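The same subunit A turns up in both complexes below, where it pairs with subunit B and then with subunit C.
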Partner chain A sequence: MNSQTKTNQVVTANKANMKANKKEGFKHEFNKNAALFLMLLPGLIVMLINNYLPMFGLVFAFRKMDNYRNLFGTAWVGLKNFEYLFGSNTAWVITRNTIGYNLVFIIIGIVFPVVMAIGLNELRNKRAGKLYQSLFFIPYFLSWVVISYLTMGLLSSEFGVINRLLESVGKERIAWYTSPEYWPYIIVLVNTWKWTGYDTIVYLASVVGINKELFEAAAVDGASRMQQIWYITIPSLIPLAIVLVLIRLGRMFYTDMGLFYSVPRNMGPLINATNTIDTYVYRAFVQTGDVGLASAAGFYQAVLGLVVILTFNAIVRKYDKDSAII
Partner chain B sequence: MKIGKNHDSEAGIQISKGANLILNILFILIAAACVYPLFLVFAVSFTDETSLAFNGYALIPKEFSLSAYTYILKTMNTIVNAYGVSIFVTIVGSIIGLFVMAMYAYPLARDDFKYRGIFNVIIVVTMLFSGGLVPTYMVYVNVLHLKNSLAALILMYLFSAFYVMIIRTFYKTNVSKSLIEAAQIDGAHEFKIFFQIVMPLAKPALATIMMFSMLVYWNDWYGPLLYIEKTNLYNLQYLMYTVQAKIANLAILSRGNVSLQDIPSETARMALAIVAIGPIILAYPFFQRYFEKGITLGATKE
Partner chain C sequence: MKLMKKGLVAFLGTACALSMVLSGCTKPADATASNGDKVTTEETKAPEASSESGSKVDTSKAVELTWYFIGNGPQEDVAKVEEAVNKYIAENTDLNCTIKLNCYDWGTYPDKMQAMIAAGEKFDICFTANWANNYFQQSAKGAFVPLNDLLPVYAPKTMELLGDDFIKGSQIQGVNYAIPANKEKAHQWGLVIRKDIAEKHNMDFSNVKTLADMEPFFQIIKEKEKGMYALEAAGGESPFRLMDFDRIGDEKYPGVVWNDSKDMKVFNELEAPETMEMFKLLRKFYQAGYIREDAATVTDYTADQKAGKMFAAVRSLKPGKDAEESNAMGHPYIQIELTPAVISNRETTGSMQAISATSPNPERALMFLEAFNTDPVLNNLINFGIEGTHYEKVSDNVIKAGPSGAKYNPGTGWMFGNQFINYLWDNEDPNKWENFKKFNDNATGTKTLGFVFDPEPVKTEIAQCVNIWDQYVLPMESGTIDPEKGVQEAIKALNAAGAEKILAEKQKQLEAWLAATK
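For the complex of A and B:
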């Protein structure tokens, strides 16, 4: 009995001691490296505002939110906001659009840039290659608003180049901005136009880095240039492509507001073809003022987004440890 | 590779001249597709309004006119103001952002800093999970009262976990530890070491990051869409966006609260687009190199 109390005391004392040590450790570290902590401070404040404080707002999805001025709303409503969200067909449409467009973007985002990068590398006139590359890269620098002006120049029903072209060959004009059936193609085309030049640069760096001796050895063995590309260039790009695809899959619940909101000019008739989770949240929040519904959709996106990013990040780790974010 | 045989050995690892020609033609067509819309907008901005209505958009104006630009000169105040906002936010945002990120990355790159693991986790979490639009808006508007404040536009893009990781990697590989240790032994203060040794050595990475961030600020229209209501705080992109939105409203309502006089003509709008693209195209030859380097630097960590 006596000895047990003693042991207990010793344990508690040890624990207290350890705590003190830890505290002193931090204190000591803080005193030693006060300057380093000070350097971290501005970044910590910005992250607190932009990332960490908003995370508390995820509970809005379970609250009755009449008005955005009313922080944290008025009452708990359980899953009511979610019942409302999933009660309509909209939840399905926005999920389908978000995932569907992203998958198409990912596939095009490998095929086109890889082909272009290999092609640029094959050119006999390297200077021309540099020039093409500069021109392919230009769309990346343009804002979505500017791009929405450019697409309107092509698609505007009265003045647009495409409708004038249709007329000149004796066909009827198409009211592009009120015909949703064309928009899946338009969205994909515009996205490809903006990003292909950028992605090409990523793959080109990798193509240029392939050891030349491999090709020379293959040539000695009588392999044609096409065979060399097929058996040497493409296989050596696969690891990079896998990592890029996995990282993009991890973001498949997020879309660009510029592409899905500004380019279709927020036109009502296009909504089924262009509505994604992001545009839905924005419209519910800002245009119809349904804060609860917008919060529920935002929560849905955040949770699914976390699940896929953790999943695909775990797979990335298997392929290339350095490319994994955790 | 033996000298003299150089030409022969190249032959086996090159495409044929015919294939080269076809490839060049294909690339010229793709390059044309990349710049065609830009030339089109440029041409339309110099086209006479009535000729446009008659002929539609064309690469070569049927009737040349400067009326779009005289219209822009007339509404000069709004545009100059928006330009000012864009330039201010771009410069202030990218400079502050650069220092905030460069400073945050430094302790993470120091092996002797015991708590670097925790502070690394703090940035990784921001890449995994976010509160989303509604809570972020409420923090900005209800808690910090940043509605109609340029600070909101600056704060939004001040810190990117991805850029911090690139900078940290650059410090680790390009700033030698012995140099820092030598300075410490000389009794230099941490801040002095950081600003006078580390930052200058990391210039290539920092310049690249700053340019990416400048582009983000210059092209931002979403920030003003959320937080700016006062017209004198519109930036260039948002000014263009509102013009576009007014026309969309007009198309839906055909009559309504938007009057035709408010809306610049077709050609004037394209002139506005040219005015907004101008600085980017002018800076492009200078910027391009940095961007290409930056993309390959962080290719897999986007």
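For the complex of A and C:
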């Protein structure tokens, strides 16, 4: 009993001490790095305006938005704005597509860029490396509208390059835009083509930053090139991969309108393969013009995203405390 | 330092998750548009002390009025025409304003306006109708300025010109939210057909009474005119419109009545045997290669038409539509009427200009529209461009294309204010405007004229139906998918989404309205 009180006291004292230290630490840090904090300021302000101010809009999701001029003055409708998301059998299709595609994107978004980053790093000819890197990076700068026309140039049933090729070797043309069975592959391919270059650069920066001494020491111990990659490069990339995956998991319930609406050109027959939460909401919004419905979907996506992030983060924390973000 | 880093990362993570809450209204990538053209109000020279029109608003400040409308896309010489318009306004009127013309093509305009209006973007005037930039929906949401009090003060001549039919016919529960264009009052569906091609193959259309009768001619086109599409079915320009249902409420969810008003029973148009027949015909045409293989992917059908690749298309006809089409598209056309002329909500609210609730100068915008509807010089300038450049005069009110006529030719006289003061092209019937009058007099009105459906009670069901409509009905309108399967699946999906509730609501509101207006 007595000893326990003592320990408790010690603990509280320690805690208080730590708190003081922390406080002092932050003050100290601030004084030391005032210039750095100043540099942080513009970004912080932009984030407050762009990301925190619109949060007041959350109330739209629960209100009847019958008038554009009277945003905050309309009636509460509870969860009525959410009903259309779950009403029919479409709910299953859009949820399946949204989550399914995102999972595939996340996996491909680790495997391809990591392989390419390591490959580029291993290239002896640094000039060729730079050239490949730029070539992979170009698709990232193209807007979805441009990409949708590029895709159409390839897939258009009459004039598309692919159908012309098929015809020239004596095969039947394929009506790409009315055959949903091909679209899961097309969507994944287009997305990979657009993003791989960008992700490669992120991983490459990390690969280049690995301490050279590690490789030298391994070489001295007789490790082969492959062993060095397997035991040094890849483990060094894991923390970065975890952060990127966490960020992407947060956007698990969002999809790119460009990829899922512009690229399939909003073709009806493809809807089962291309309809996601965002395209579903967009169609409903364009027809009804109801901001309440759109906000409800946004709210739903954000909450689910947060839940996924927190869950994954908890798992990460259990196995590797330093890589967790919270 | 580590603590700080962690805090910051946490901050970032949360921000990521919770941002874009309003994704629905900010997401559409191109909806942000290229609108550097904010309305600016700037002080310029002091005005002359003239207020002969008795207007009550101070016009001493010069304003720019931004105008959004639908059409064949932006015209190359629009800047030159704006300049000419502004010069004319400055020299001949006391409006003291300048005009910025923004035209979006048929497919893009409705989505653009939906996003712009929801985002509260500032502009002054926009085109609205029951079929684009939905008049009823936007008015109900307060997107437009109610004009009842303003019209008699700032646009008395326009009111007189339009008369009761248009003014009353465009009201929503007694309120005018837009000014209709003074044009034909009825609609009639039919075909426009390339005259030169038809003559080349000695085609005789005198026995054509329905779309099915066109089959032998399409066959000829398919065989003899390589690279030409026999029937246009792209970009929502579907031959399906020949059904001419009297639609209750907006597009993309079920519920219509027959336009002959025999009974007032609201039904799901997909369940009508006539609809199935039409879809089957279109499917047949599609499989025979008369309809462009990728018709459903094409959003701007005018490209084909201008390039001369289109033989026939279904259009809303009126006297002289063939000549109008010829002038706008650069190829000669003839027209064949297939449905009877009907006056419905489609016409009285078919082409209007509304003043945005975000307009800083609604009175000034209305004053401009008044001048635009009554001043032939100003009106024709925007309709046809600059004399000597875009058109040349043949006689007093007859014109022909000028040296750079293709660079400004909106070809949408039915939208711009008052057709009865427009010039006529040299290939048009000199009696066009008299024919319009006859056409108006001979048409019959539907019983639903003036009825407005309020979608609010079935909003949830409508939001679900829209996706199903895009999935099944649009492809069937171009013959892209098999209707035997498609119609059934669509009906099943629509019913699961609550179509029956929508139909019942429509019936209920329609009956209440009929009882109230008897």
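Heads up, the rule we're going with is that the second predicted complex is superposed on the first by the 204 of 326 C-alpha atoms of A that agree within 3 Å, B and C clash if a C-alpha of one lies under 4 Å from a C-alpha of the other, contacts with A are read in each partner's own complex, and residues count from 1 in each chain.
Quick note on the criterion: a contact is a pair of C-beta atoms (placed from the backbone, for glycine too) under 8 Å apart; a residue touches a chain by one contact, two chains touch by 3 or more.
Bear in mind the structure is a predicted one, so any value in this text is a computation, not a measurement.
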item	value
Partner chain in contact with A:I138 - subunit B first, subunit C second, else both or neither	first
Subunit B versus subunit C as contact partner of A:S236, first or second or both or neither	neither
Partner, of subunit C and subunit B, that touches more residues belonging to subunit A	B
Partner chain(s) touched by A:S179 [first = subunit B, second = subunit C, both, neither]	neither
Which superposed partner A:R265 touches (first subunit B, second subunit C, both, neither)	both
Subunit B versus subunit C as contact partner of A:N121, first or second or both or neither	neither
Partner chain in contact with A:G87 - subunit B first, subunit C second, else both or neither	second
Which of subunit B and subunit C A:L150 touches, first, second, both or neither	first
Partner chain(s) touched by A:T192 [first = subunit B, second = subunit C, both, neither]	neither
Touching partner for A:M39 - first (subunit B), second (subunit C), both, neither	first
On subunit A, the residue positions that both subunit B and subunit C contact, one per complex	25-26, 29, 47, 50-52, 54-55, 57-58, 60, 68-69, 143-145, 152, 156, 158, 177, 243, 247, 257-258, 262, 265-268, 278, 281-282, 285-286, 291, 294-295, 298-299, 301-302, 305-306, 309, 325-326
Contact set on subunit A toward subunit B in their complex	25-26, 29, 33, 35-40, 42-44, 46-47, 49-58, 60, 68-69, 71, 116, 119-120, 122-125, 128-129, 131-132, 134-146, 148-154, 156, 158-161, 163-164, 177, 193, 197-198, 201-202, 205-206, 212, 215-216, 218-220, 225, 228, 240, 243-244, 247, 257-258, 262, 265-268, 278, 281-282, 285-286, 291, 294-295, 298-299, 301-302, 305-306, 309-310, 320, 322-323, 325-326
Residues of subunit A that touch subunit C when the two form their complex	22, 25-26, 29, 47, 50-52, 54-55, 57-58, 60-61, 66-70, 80, 83-84, 87-90, 143-145, 152, 156-158, 175, 177-178, 243, 246-247, 250-251, 254, 257-258, 262, 265-269, 271-272, 275, 278, 280-291, 293-295, 297-299, 301-302, 305-306, 309, 325-326
Residues on subunit B engaged by subunit A in the complex (per definition of touch)	1, 9, 12-17, 19-20, 23-24, 26-28, 30-31, 33-35, 37-38, 40-41, 44, 52-53, 55-58, 99-101, 103-104, 106-107, 110, 113-115, 119, 122-144, 155-156, 158-159, 164-165, 189-191, 194, 215, 218-222, 226, 237-238, 240-241, 244-245, 247-248, 251-252, 266, 269-270, 273, 276-277, 280, 284, 287-288, 291-292, 295-296, 299-302
Subunit A-touching residues of subunit C, taken from the complex the two chains share	1, 3-4, 6, 9-10, 13-25, 27-30, 110-111, 114, 117-118, 120, 134, 137-138, 140-143, 250-253, 292-294, 296-297, 299, 357, 455-456, 459-464, 466-468, 470-475, 480-481, 493, 496-498
